[in-house]
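In this document, chain identifiers A, B and C correspond to the written order of the chains, with residue numbering beginning at 1 in each.
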Amino acid sequence: MRRYFGRKILIYSITFFLAVTIDWAIPRFMPGDPIRNLLARAGQRAEAADVMYTYYTKAFGLDVSTWQQYLNFWKALFHGDLGISVFRFPQPVAAILMKAVPFSICLLVPAILLSFYAGNKFGAFAARTKILDNTVLPLGYILTATPYMWLGILLAWSLGIVAGVFPIAGAYGFNLAPSLSWTFIFSLLEHWFLPFTSLFLVGFGGWAIGMRNMIIYELESDYSHYLEALGAPRNLIRRYAFRNALLPQITGLALQLGVIVAGQVVTEVVFSYPGIGWLLLAAIQNQDYFLLQGCFLFIIIMVLIANFIIDIVYVVIDPRTRIGMVGGGS
Amino acid sequence: MSLQINNLRVYYQTLRGDVKALDDATFDIRDGEIMGLAGESGCGKTTLGNSIIYLSPPMKFIEGSVELDNEKLPIWDMKKMDKYRFKKVSIIPQYAMNAMNPTRKIGKMISELLDSKKVSYRKTKQELERRLDLVELTHNILNMYPIELSGGMKQRMVLVLSTLLNPSLLIADEITSALDVSTQKAVADMLVEFRNREYVKSMIVITHDISILYQIADSILVMYAGKLAEKASTRVIIHSPRHPYTKLLISSLPKVGVKYSEKKLIGIPGNTPMLLKPPIGCRFRDRCPVAFDKCIEEPPFIEIEKDHFVACWKEYRKNA
Amino acid sequence: MIEKKEKTEKVFAKEPKKINEFLYFALRNTKLKVGLSIVLLFLLLTLIGPLFTNYELNAFSAGSLSSPPSSEYWLGTTVFGQDIYTQFVYGLRATFIVGAIGGGLATIIGLLVGFIAGYRGGIVDELLNMLTNIVLVIPAFAVLLIIAAYLDVRGILMESVLIGLINWTWTARAVRAQTFSLRSREFVDMARMSGMKPLKIIFTEIAPNMMSYLLMALILQFGGAILFAATLDFIGLGPTQGISLGLMMNYAVLWGALQFGSWWWFVPPGFAIMAIVGSLYIMNVGLDEVFNPKLREM
């Protein structure tokens, strides 16, 4: 057990290290004087430009050796100091991120959990009959092949513009200020619905297909045949098959995180939903490299944590991993 | 009579047509009888064994009847057979090593299985433990996962589980093939013990290893290419077989004390026929050393002496 | 003893060669046929589509802004009066290029990494495994985003290569598993014992068995690369020159196609991606059935 987790932690640590290094290294590979470039492109107000120059020089630490710059970066990181945003100057990056995080989480977590649950249940259900299977299968593949942003656009257009039922921009009405009133909460939900549905549907297709394939595999296994030969009722066999098929699906979830991140970013962009993804794009468009670095780091850390959680969940759910690790056997 | 099978025909559906895997099987097994079912790979013995309890595609029921304890088994109807499975007829499958759900504790799986068959686990638990003792497995095995067990342990566990509800008929499909010789003997002896204690009324032991049958079987049924060749008591089959195939089979067994520098070990030349379009007449004709012109007609499976059945034209004449 | 000449009649001729057997099933598999036809259709469109258009790629035509599909403009025009059909067929070209290069590169890298890891085992395997896991965990999209953001000029080649360099982990894992299982099979041991050189073993014994796997992996990587590229393009981080389907959607949203209801601007590009990638997936399922006898329906 310790070896398993030890190895995982090693990988995550190396990954984190690598990611932070990439994050730090990239601005330095830009041609020319990075700060001049920055200022020129950012087109700051004149009074701000001088302040920015000194600040940037200090911030990039270009007055010290490269190695020292690198260490400084790490130091700042551990202090939670991700710098100051350019495009939302003078707000610190960390603060901006914190404001965007709840929106992303509220979109991401329910979408992942619900699509995982519903998709898997449906996939298992679809594997029951040939007719159902033959219609569900192509549908599922088409759903999972649908680009996230296209689905988002379609939903926005059909339900948002044409039907006029849902709003298609922002997290809440522009005329409202955050409060604990029903109007506000309703507005939140209204704005949340379409992006959520978009993320949900694509995920749903993927999980349904995966589970359908896995469950067919499990139903063909020896233990299924034995139970059938002993006359066990259909639902007992299906229950066992489902539980066993769920295991590789959970591993699959960890593998899908990259794709889900991409989908999240793009969906937020379509709906101008002020989450981390949207912030990321804004940072890119405004050449706000600090914000960009902050978002990137944040995403990496979240993905690593999610991976770790999934690893733990998997060990809890699959008894074989625990036995194998303790060195079981007769 | 415990088991009566009449004219049973089961074919395999393939893209190229029906493979006549089991053609016209007729025989009886008495209460308390352990019958060995022997033959080469592909002779139909597994088809026979499996069709009695679980006739699933690609197996196709053509015709015939199977009666257990004077009750006709609806082997062609998957659903209707459910109430007989496990309770009246049970099986230790060929894949017994992998027969248990790897992610369920064994005890939990048994209780869920019994509950689903409307049998109280609580009431059965004591008997279960007694049987575990009999096969020398600790009670703690119920708290373990299958992955924690060795091959032999899994085999014994499946033996206990399959016979837990005292079925009238137990089908043991190649249960010793994957084991080492000493475990083979132990498991074989357990089978006999189970029969002696009447946990199981009668058994069909499917194997290609005749030496095991010599140890535990009361009678042996030899099959060839989907048809029954000979059935008799073990003693008769081993010492005075009548069917040419059985004779070759027995003589190809190494015997203790015989040095093969003096006498060569005879095999059986040739190959079993393809069952997609079987040869006309006796299916052993091509490899038979004593075949003659009458063999172009299919020989029926006839009782030539008490409890001794043979399908060979040569042998009927002798008793005419 | 019966004359040895009287042989048992063999109903069918000797077992058809493996390739013919696969072709037999391939031609009968609906999923494969349908999927392949759709992909080929789009490919055809890519190749000959531009021949049917009279319009320059990004030429503006002041007379017809945001007009719906008509006989003059088959897929309508953008808010700037550009012909969407033209953009569409050129965009398709970009899509196929990225799929081929990005997907192909990813498959090759995955194949090499997975195979070497599986075949060598030991410390090599450990290291490659660790590498795979690390690349796996890093969200590819975020990295590509960062890299693309800092590059001033980006070409389609660069985009494809970047995608290929980061998307290979799945294939590596699958190939490694397959190599492991093949490596310990009897026929490989036989070859090794008979003194065959390792390279020869790889090519004659192991490779044919992996072919089916590779083909399927290639198809999946192809589709994956297309989706990836479309997502990047949509954010505006695709190639700085030229047009692509993702970029079309980007422009559409950016320039208010939603609000103006010019559905002809954003529906075709997304639909094409969905159709191509979906067909690739379905093709893959069909191929799986062809190669894996257990899945074939009776």
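Keep this in mind: a residue touches a chain if its C-beta (ideal position, glycine included) is under 8 Å from a C-beta of that chain, and two chains touch if they have at least 3 such contacts.
All figures in this text were calculated on a predicted structure; none of them were measured in a lab.
Per-pair tallies of C-beta contacts place A-C first. The chain occupying the central position, as judged from C-alpha centroids, is C.
Here the CA centre of chain A is 56 Å from the CA centre of chain B. Distance from the chain A centre to the chain C centre is 24 Å, each centre being the mean of its Cα atoms. If each chain is reduced to the centroid of its CA atoms, chain B and chain C end up 50 Å from each other. Chain contacts: chain A has no residue touching two or more partner chains.
Within the complex formed with chain A, the residues of chain C that make contact are 130, 133-134, 136-143, 145-147, 149-150, 152, 170, 223, 227-228, 230-231, 234-237, 246, 249, 252-253, 258-259, 261, 263, 266-267, 269-271, 273-274, 277-278, 280-282, 285, 294. Per the touch definition, chain A reaches chain C in the complex via residues 10-12, 14-15, 18-19, 22-23, 26-27, 29-31, 137-138, 141-142, 144-151, 153-154, 156-157, 160-162, 168, 220, 255, 257-259, 261-263, 265-266, 269-270, 280-281, 284-285, 292, 296, 299-300, 303-304, 307. Taken together, the chain A residues at the contact with chain B in this complex read 221-223, 225-233, 236, 240, 243-244, 247, 318-320, 323-324, 328-330.
The touching residues of chain B, counted against chain A in their complex, run 53-54, 56, 81-87, 90-91, 93, 95-96, 98-105, 112-113, 116-117, 145, 147-150, 153, 158, 162.
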